[in-house]
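In what follows, chain A forms one complex with chain B and a second complex with chain C.
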Partner chain A sequence: MPKITIDNKEYAFEGQPKLLQFCLDHGVELPHFCYHPALSVPANCRQCLVEVGMPVRDRETGEISRNDDGEPIVRWGPKMTTSCSVDMADGMAVRTHRSSELVEQAQRDNLEFLLVNHPLDCPICDQAGHCPLQNQTYKYGPEGSRFEFRKVQKPKKVVLGPRVMLDGERCINCTRCTRFTDEVSKSHQLTIIERGVKNYPMTPPGEVFDDPYSMNVIDICPVGALTSIDFRFRARIWEMSSAPSITVTNAKGANCSYWVRDNLVLRITPRANPHINDYWLPDEDRATYARFNEQRPDGPRIRGDEGLQPADWETAYARASELLGSADGSNILFLGSPHATVEDNYLLCKLAAALGASPPAYIPHVKPGAGDGWLITDDKAPNAEGCRRLGVRPVDPALVRARLEAGEIAALYALEDDPVASGLFQAAEIQDIPVVLHTYHTTNETLAAADVALPAAMVVETVGSYVSEDGHAQRVWPAKAIRGVNRTLRMEMGVSRLDSHGTPFDRWHNAANQVQCKPSWEMLPNIARGLGLEWADASPKEIMREIAQHLGAFEGATYENMGSSGVRLTEIGTLA
Partner chain B sequence: MSDFIKHPVVSLPDRAPEPVFSKEELVFTEAEKEQIEAFRAQYPTPESAVMKTFWLAQEKFGFLPPEVIRLAADTLGIPFSLAYGVATFYTQYYKAQKGKYVLDVCTCFSCQLCGGYDMLRYLEEKLDIREGETTEDGLFTIQGAECLGACGTAPMLQVTNGPYVHNLSREKLDALIDALKAGKKPPFVSVTLPQDEDDLGGNRRSDAEATEVGQTPPAAETFE
Partner chain C sequence: MEMALFGNNESGKTDAWRSYERALLPPVRDLHRFDTYVGHGGYEALRAVLTREEWAPGKVIEAAKASGLRGRGGAGFPTGLKWSFMPPVEPGKPRYIACNGDESEPGTFKDRQLMEYNPHLVFEGILIAAWAMQIDATYLYVRGEYADWIRHMERELATLYDKGYAGKRILGTDFSSDIVIHKGAGAYICGEETSLLESVEGKRAYPRIKPPFPAQKGLWGCPTTVNNVETLACAPLIINRGAEWFAGVGAEKHPGPVLYGISGHVERPGVYEYPTGMLITDLIDKVAGGVRGGKKLKAIVPGGASVPVLRADMIEGVTMDAESLRKAGSMMGTAGMLAMDEDTDMVKFLRRVTRFYHHESCGQCTPCREGTGWIENLVTRIDEGQGTLRDLDILLELCDQMEGRTVCALADAAAWPVRNTIQRFREEFEAKCRQSIYAVA
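Here is the complex of A and B:
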């Protein structure tokens, strides 16, 4: 296997990696700005310079010449080279700043140049705290600047498009943003204009940066030049915690991080997953964060003489069990949900089976033509594939209507969806039958007919798994706390927010804005027990293990296997 | 440039400018299209032909407002943004209407030491306009330019991306302006090196329209 020596340490490599990427993969940190693994390599920032040499070979024999100690003699390049653009070769020797003063000096000088016209407004900059320019300047930069000229003033607060704002002065012209629009999203909406100290990225005249993937440039901009119009000045990076999860705006299962402060989700950013979304996230997926914060219910409600009234959890469970118990099992309509996790739908299936009802159906949320064949799908719910694999089928509205008219629906149990808003029923039609509803929002139109309303935890508050349109099963971690105590959630939270939100005793713990809701996998067993069934509480991890064991369509889908990037489930042709 | 050093402010371009040319005017003739096609065939990718296409467009339209840049991009089948970036990068592509003769007076290091600013200011006085402005009759635009690669014959200027005028003096400028007013563009002049005069009989180019003998440049009166 070919070998390379970096700072006198030997590494074996395969294929023909670029030097910078290889170093980063092997824990040899090198400062860099313009290089991005998913984009072309322009080598324009010059921050990643290293010394590169090749061993001297004997002209005749082709053997590597060695000195008296048997060490290969290296002929070093006349100048330093940008490591991002160097193809590695067998025998290559590299000196980074760890072993070369020249490289150290070059990094320092380069940063001094990059900062000549930089406004250094870090105290008010959104990028501060996670800014490659700031971090690398602290680590590799000079003590100060020797430039005494006036700094160039460039356009600031430029609205490039509906979601992205430019601060021209902060830009270091790495061209990551223009390469993203040229190579990845292919909208070609950005270009670098002008030259020398006057240049910065811009849309050409008459064009607006409204690319459906425009916000990715904010993530890859190595400085604070591109910021989110929505998120600007809303929170400092160190005030928030982030948890690994997936987006639920559509059925792609794109990996993301939910950023939370005081139990409010403030933004959604991509999390790299080579199997699904690489480094990217559509703008559409990021725009939905407010639904995790707004119009959330405050505890369970049960219908009394004066409409829905607050109740405690035990009373609400008991009432739900009582209503279900009073109906003939086979006449209860169970509705699963492509918004709910596999675990929650599975428990609902079990409950339906135990009561002798037909298996739950789900309400599809497909908008034909809305998808783009990449990260935006027609399906606007995250888990329809998970439902199908559980045997939960799309609901047949005609059949439901016929049964309703024939008086064959004696009760309705709806999981995390809104049958009235979806048009399956009108509120008046189900007014007279018992309705148990798991709901995310107080705007749920089915509440008008609900007899027991159970506030359900959303993706940011629960543990569970989802199966993407492509059959990729992934689990999520809780990003924010809910009111009340759940041991499983608390333990998972300790893992997902290890950085700053480990336990309720740390200084970040905060009871503000906690929603009074519960995960459906906690509610369903309580209701089942009320119906005389012997259900033990189980964590989603245990439930998923059971599913993976018993259902072929979920073979291998355990939490251990899913890890943080998920597993691809086998194709299943016709589902049972 | 000196102004920019004192007031280094880069302004935002007009992001939705009114077009200068009408739809009817914004077309290439069949012959021009053929020429552009020929440019395109010279390179592996159409993007590479953008510079020659701009040149053609600038000769046709006089300058390159956004709609002409878009026309060039569309004709080549390349993104407008890329074409716009290229057009704004090069000062030789005029993004705004200029005078018939654009006088690019070099004020970079060598020329400045040899009187680049003396020449620039003299022209300003003579034509009664400031650097960057155009005379009212639309005949002349004066610009300060960075090194045009003819430092040996400093101070010098270039006329509308074309011929260089070397070894400038006030008299030479008077003569140049008179000639241009009479519609006479200066010829392409090949300047010899003094040492070649002695040893190589001038070593003159045979294709040059005119030749001049190299001389020791003057020292500047003013610097900025």
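Here is the complex of A and C:
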């Protein structure tokens, strides 16, 4: 296997990796700005300079010449080279700043240049705290500045499009943004204009940067030049925490991080996953964070003489059990949900089976033509595939209607969905039958007919698994705390929150903005026990282990296997 | 033949140059017209290479090598060698020449003369090179400011196509090759060979990382050779008069006729065609009529603004060829000589040069983008009497920080004049700096 020597340490490598990527993969940190693993290599920031040499070979034998100590004699290149653009070769020798003063000096010089015209506005810059320029200046940059002139003035507060704003002065011309629109999203909506030190990215004349993936340029911008119009000045990065999760805007299962401050989700950013979304996230996935914060219920409600009234959890569970127990089991309509986790749907299936009802069906949320064949799917719910694999089929509205008219629906149990808003029923039609509803929002139209309304934890508050359209099973971690005690959630939160910027004693224990809700996997066993079933409380991890053991469609989908990037389940044919 | 007089390096130091007969810009009236050009033996070299067995493509490249022709665009790379870098012909993969007529360096204006007075020599040279490397199309990249000459070359090129000298089945042979005139938009960086390619492709002219070199991946990823206008104009001379003749003109290791563009404080500025290897002193004193107003010479920039400046006391016996100029501490560049008399303020000179590079840096690489502006700021401050000696040190350090750390050579080109002007005229810079408030150690 070919070998390379970096700072006198030998590494074996395969294929033809670029030197910078190889170094980053092997824990040899090198400062860089323009290089991004998913984009072409322009080598324009000049920050990752290293010394590169090749061994001297004997002209006749082709053998590597060695000195008296038996070490290869290396002929170093006349100039330093950008490691991002170097193709590795057998026998190559590399000196980074760890072993070369020249490289160390070059990195410092280059950072000095980068900072010459960079505004010193870190205290009000959104990028501060997770800014590659800031971080690398701390590590590799010069102290102070020798530049005593006016900095170049460029346009600021430029609205490039509906979601992205440009501060031209902060731009260091790495061209990651233009390369993203040219090579990844292929909208070609950004280009560099002007020349030299006045350069900055801009849209072509008359063009609006409305690329459905436009906000990715904010993530890859190594400075605060491109910021989110929505998130600008909303929160400092070190006051927030993020948790690894997936987006639930559609069925792609794109990996993301939910950023939370004071139990409010403030933004959603992509999390790299080569199996699904690489480094990217569509704008529509990021735009919907408000649904985790707004119109959330404040505890369970049960219907009394004056409509829905607040109740405590025990009372609400008891009332739900009572209503279900009084109906003929086979006449209870159970509705699963593609918004709910695999575990929640599974428990609902078990409950339906225990009561002798037919298996739950789910209401599909498909908008034909909305997808783009990449990260946006037609299906606007995250877990339809998970439902199908559990045997939860799309609901047949005609059948439901027929059963309703024949009086064969004695009760309705709806999991984390809105049958009325979806058009399955009119609120008046189910007014007279008992309705138990797990709901996310107070705007749920089925609440008008609900007898027991149980606030359910959303993806940012729960632990559970989802299966993407492509059959990729992934688990999520809680990103924000809910009111009340759930030991599983507490434990999971301890490991999920990437407190890379925060402190251990934090704002998440602060009751403000905590939603009074519970995960459905906690509620369902309580209701089952009220019906006389012997259900023990089980954590989602245990539930998933049971599912993976008993259902072939979920083989191998344990939490251990899913880890943080999920597992691809085997095809199950055309179940739907 | 009188040309034999230039057979060695010493010959340039005699007066033999006076009898040199111009070959690139012969004194023929209306030579830019197709008929006149053909009437004076034009396109015979093209006819020869296309029809005669002895001029198979490989033979033309060998002749170019044997002639010792070196690029006239500034870097002075051996042309025949460059041509031989082209990979073998691959079916379905087009091959290109990019002919560089984007001359934009201050002090350089010689390609303009060729394109104005002898465009057909350029076209003929292009077509000979096209034959030598089996080229499908040539893009003649001309700087946009040459609007008049672009129009006039387009007219002549149309005639060339009409007469069957370019395009399909040239001169009735099986060889086809196109010439396209591409108008630049006025950026110095487009003269850098790979950013010229980007510009032809319709992209922003950011230089490319090398390798891959243009011969491997040039225009649209296909094999491409980039040659200067004057370089290709030498090709017909080599075919017509032989590689030996060419090698015998001027300096031994840098032979051939060359266009000297002499400007600055001389009596008769202009473009002069003479052999390489001329004494700088002859060019200034005899060819260009001496320093204006009988003043003394102070400095010479021998090859365009980016090459190191020479003090008047450094040019004794120095001839205009790569070897001699390297020994003297400068370079041949484009042979665009800039003469400065004793009254010249070298700080002002440098201020103007740094302003140019600041204005023309494409902004792709950090050191050049940020360094050129900083340097101009510092030089301006010194020129305005507000600089300090520390500024001079910073200037030299900035040169270190820029040189050899960018994608293309523009950062080097911007740093060299700064380093050399300060080193060679330091007392002038120090005189303009404010007095140091610190005691001199």
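By definition in this document, the second predicted complex is superposed on the first by the 562 of 576 C-alpha atoms of A that agree within 3 Å, B and C clash if a C-alpha of one lies under 4 Å from a C-alpha of the other, contacts with A are read in each partner's own complex, and residues count from 1 in each chain.
Keep in mind that, in the parts below, a contact is a pair of C-beta atoms (placed from the backbone, for glycine too) under 8 Å apart; a residue touches a chain by one contact, two chains touch by 3 or more.
A quick note: this is a predicted structure, and the numbers were derived from the prediction, not measured.
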{"item": "Fit or clash - chain C, chain B, common chain A", "value": "clash"}
{"item": "First (chain B), second (chain C), both or neither touched by A:R46", "value": "second"}
{"item": "Partner chain in contact with A:R195 - chain B first, chain C second, else both or neither", "value": "both"}
{"item": "Contacts of A:V152 with chain B and chain C, given as first, second, both or neither", "value": "both"}
{"item": "First (chain B), second (chain C), both or neither touched by A:R236", "value": "neither"}
{"item": "Chain B versus chain C as contact partner of A:N110, first or second or both or neither", "value": "second"}
{"item": "Partner chain(s) touched by A:P204 [first = chain B, second = chain C, both, neither]", "value": "first"}
{"item": "Contacts of A:G168 with chain B and chain C, given as first, second, both or neither", "value": "first"}
{"item": "Segment of chain C that clashes with chain B, given the candidates 99-107, 243-251, 369-377 or 423-431", "value": "99-107"}
{"item": "Contact residues common to both interfaces of chain A (with chain B and with chain C)", "value": "149, 152, 191-192, 194-195, 197-199"}
{"item": "Of chain C, residues touching chain A in the complex", "value": "187, 204, 206, 209, 358-367, 369-374, 377, 381, 394, 400-401, 404-407"}
{"item": "Chain A contact footprint on chain B (complex, rising order)", "value": "5-17, 66, 69-70, 79-85, 88-91"}
{"item": "Residues of chain A defined as touching chain B within the complex", "value": "149-155, 158, 168, 178, 181-182, 188-195, 197-200, 202-207"}
{"item": "Complex contact set, residues of chain A against chain C", "value": "41-47, 49, 78-80, 82, 85, 106, 109-110, 112-114, 116-117, 146-147, 149, 152, 172-173, 191-192, 194-199"}
